[in-house]
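Presented below is the structure to which this report refers.
Chain lettering (A, B, C and D) follows the sequence in which the chains are written, and residue indices restart at 1 in each chain.
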Amino acid sequence: MLRDCEPSGIVFLPRYFDMVHTVIENWLDEALDWPMSQIQGSDGLSVPFVNISADFPAPSRLGDRLTWRLAVREMRRSSMWLELTGTTGAETRVEVTGTLVLSEAVALRTRRWPDAITERVKDYLVAPDGKARKIAE
Amino acid sequence: MLRDCEPSGIVFLPRYFDMVHTVIENWLDEALDWPMSQIQGSDGLSVPFVNISADFPAPSRLGDRLTWRLAVREMRRSSMWLELTGTTGAETRVEVTGTLVLSEAVALRTRRWPDAITERVKDYLVAPDGKARKIAE
Amino acid sequence: MLRDCEPSGIVFLPRYFDMVHTVIENWLDEALDWPMSQIQGSDGLSVPFVNISADFPAPSRLGDRLTWRLAVREMRRSSMWLELTGTTGAETRVEVTGTLVLSEAVALRTRRWPDAITERVKDYLVAPDGKARKIAE
Amino acid sequence: MLRDCEPSGIVFLPRYFDMVHTVIENWLDEALDWPMSQIQGSDGLSVPFVNISADFPAPSRLGDRLTWRLAVREMRRSSMWLELTGTTGAETRVEVTGTLVLSEAVALRTRRWPDAITERVKDYLVAPDGKARKIAE
């Protein structure tokens, strides 16, 4: 998309983080049945990153389509350590790891994950084969 | 700014990376006298990040003003290791480190930094006192 | 999506124009078989808006899903007058009209639409029933 | 700024509306002493556009600096009709008109402008000479 690219024709770095957020919102909604409108609405919660790190082994250009995969490296009481990978064909374009924290929207104090969510996340915990699930952006 | 915040009222993570890019473009232009319109225009070059990492010790909210500081941790042949910090008052809100690479815009092969740039960057290399320079966003 | 909403919880106006651009890029690619990577790449062309106008009869909130429709009000030598509508259920949230111009990417002089494109656009010209086609964002 | 431009090197249309929002937030804050953090915070209000229209007589490119001017065409009970112009040197790049509405953040019902605001806006009402004030983006 034009909105993702800068004049040199490659994807503008902040756009990767827009995509990461979109992948995570879709995952929360579709895989965990926990849409952001509920998290931030009736639940009064927020799930910000407290850290995030990205490597860009190769640039992406206008017209490339990125396929995203998501895995949960570790699930803790009120945070989870996520890993996301964006590929085009066989080529890895971006590798992201980051820690998502569940917190109260107003006070921003951490909160324990609801049991139902912990249960559903199990499918995304990194398996012995190390494979991550494919997620729609 | 409204554009930086999401419904929970805190800064939306990808916006921090927009700000980082703005700080770096202003630094290249004003401190190094090397505007992006020249880098990507007549020079035919590009300065993408090959990796970037951020910690968010505390959230920023609508109306907070971030002050950014930039330091060069290390300058290499065709890359530099940057450190940026965004603070509000005495509180650190975001700490970013990343590797910027000089490359040809089309082939994306790395290039050696021009001597004039290497010279000007010296003022921003982390000094024995570890202090970073304040940069306008 | 969080990226679309501001602290008051409603869609941030500039995001509507991001969506409009995405709808048009998808239409050019999927309906007219003319992807932006070709337009701006091998073809050396650009399709900027020279004017755009939007009405927002009702606000959109986090979690709402907009369905977009696109129609061509008029096709001229080197421009077309587009109409896009975004709805949620039965409610119209945004109505956009604007003039897209085909121009050379460098000189920005106008260019005549390729015949193949003119032909394919016919399906989207506003019909006597005034109905517009549904387009994926 | 790179974030404003797309691969063809010209400003990406939605970015103009980001700039318009920034100009208006700065105007509300600095000229009307009514920062968005107060409007959407303690005041529980929101000031969305209900319509907006833009003309782009000439494209802007990476490195161009836009100077913005703002005028109030008309002030009504709960809305105002704004006009913004962005120029580079003597050249007009963008002309925007739009209607801003004061509303309650939750119910989105319209509200009368506070008297203090109505008073301060008078300086920006289009004068007989038709001149608009210069505003920082």
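Methods note: a residue touches a chain if its C-beta (ideal position, glycine included) is under 8 Å from a C-beta of that chain, and two chains touch if they have at least 3 such contacts.
Just so you know, these numbers come straight off a predicted model, no measurement behind them.
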Checklist entry - What are the chains that chain B and chain C both touch? => result A, D
Checklist entry - For A-B, which listed pair, B-C, B-D or C-D, repeats its interface with over half of the contact pairs the same? => result C-D
Item to check | From chain C, the most remote chain by mean C-alpha position | outcome: B
Item to check | Length of the line joining the C-alpha centres of chain A and chain C, rounded to whole Å | outcome: 28
Checklist outcome for this item: Rounded to the nearest Å, the gap between Cα centres of chain A and chain D is 34
Next on the checklist: How many angstrom lie between the centres of chain C and chain D, each centre taken as the mean Cα position?
Outcome noted: 24
Item to check | For chain A, residues contacting two or more additional chains | outcome: 2-3, 7-9, 12, 14, 18, 21, 40, 62
Checklist entry - Which part of chain B faces chain C closely enough to touch in the complex? => result 2-3, 5-9, 12, 14, 62
Checklist outcome for this item: Listed in rising order, chain D residues that touch chain B in their complex are 1-3, 18, 21-22, 25, 35-38, 40-41, 61-63
Checklist entry - In the complex formed with chain C, which residues of chain D make contact? => result 7-10, 12-15, 17-18, 20-21, 40, 46, 48-57, 59, 105, 108
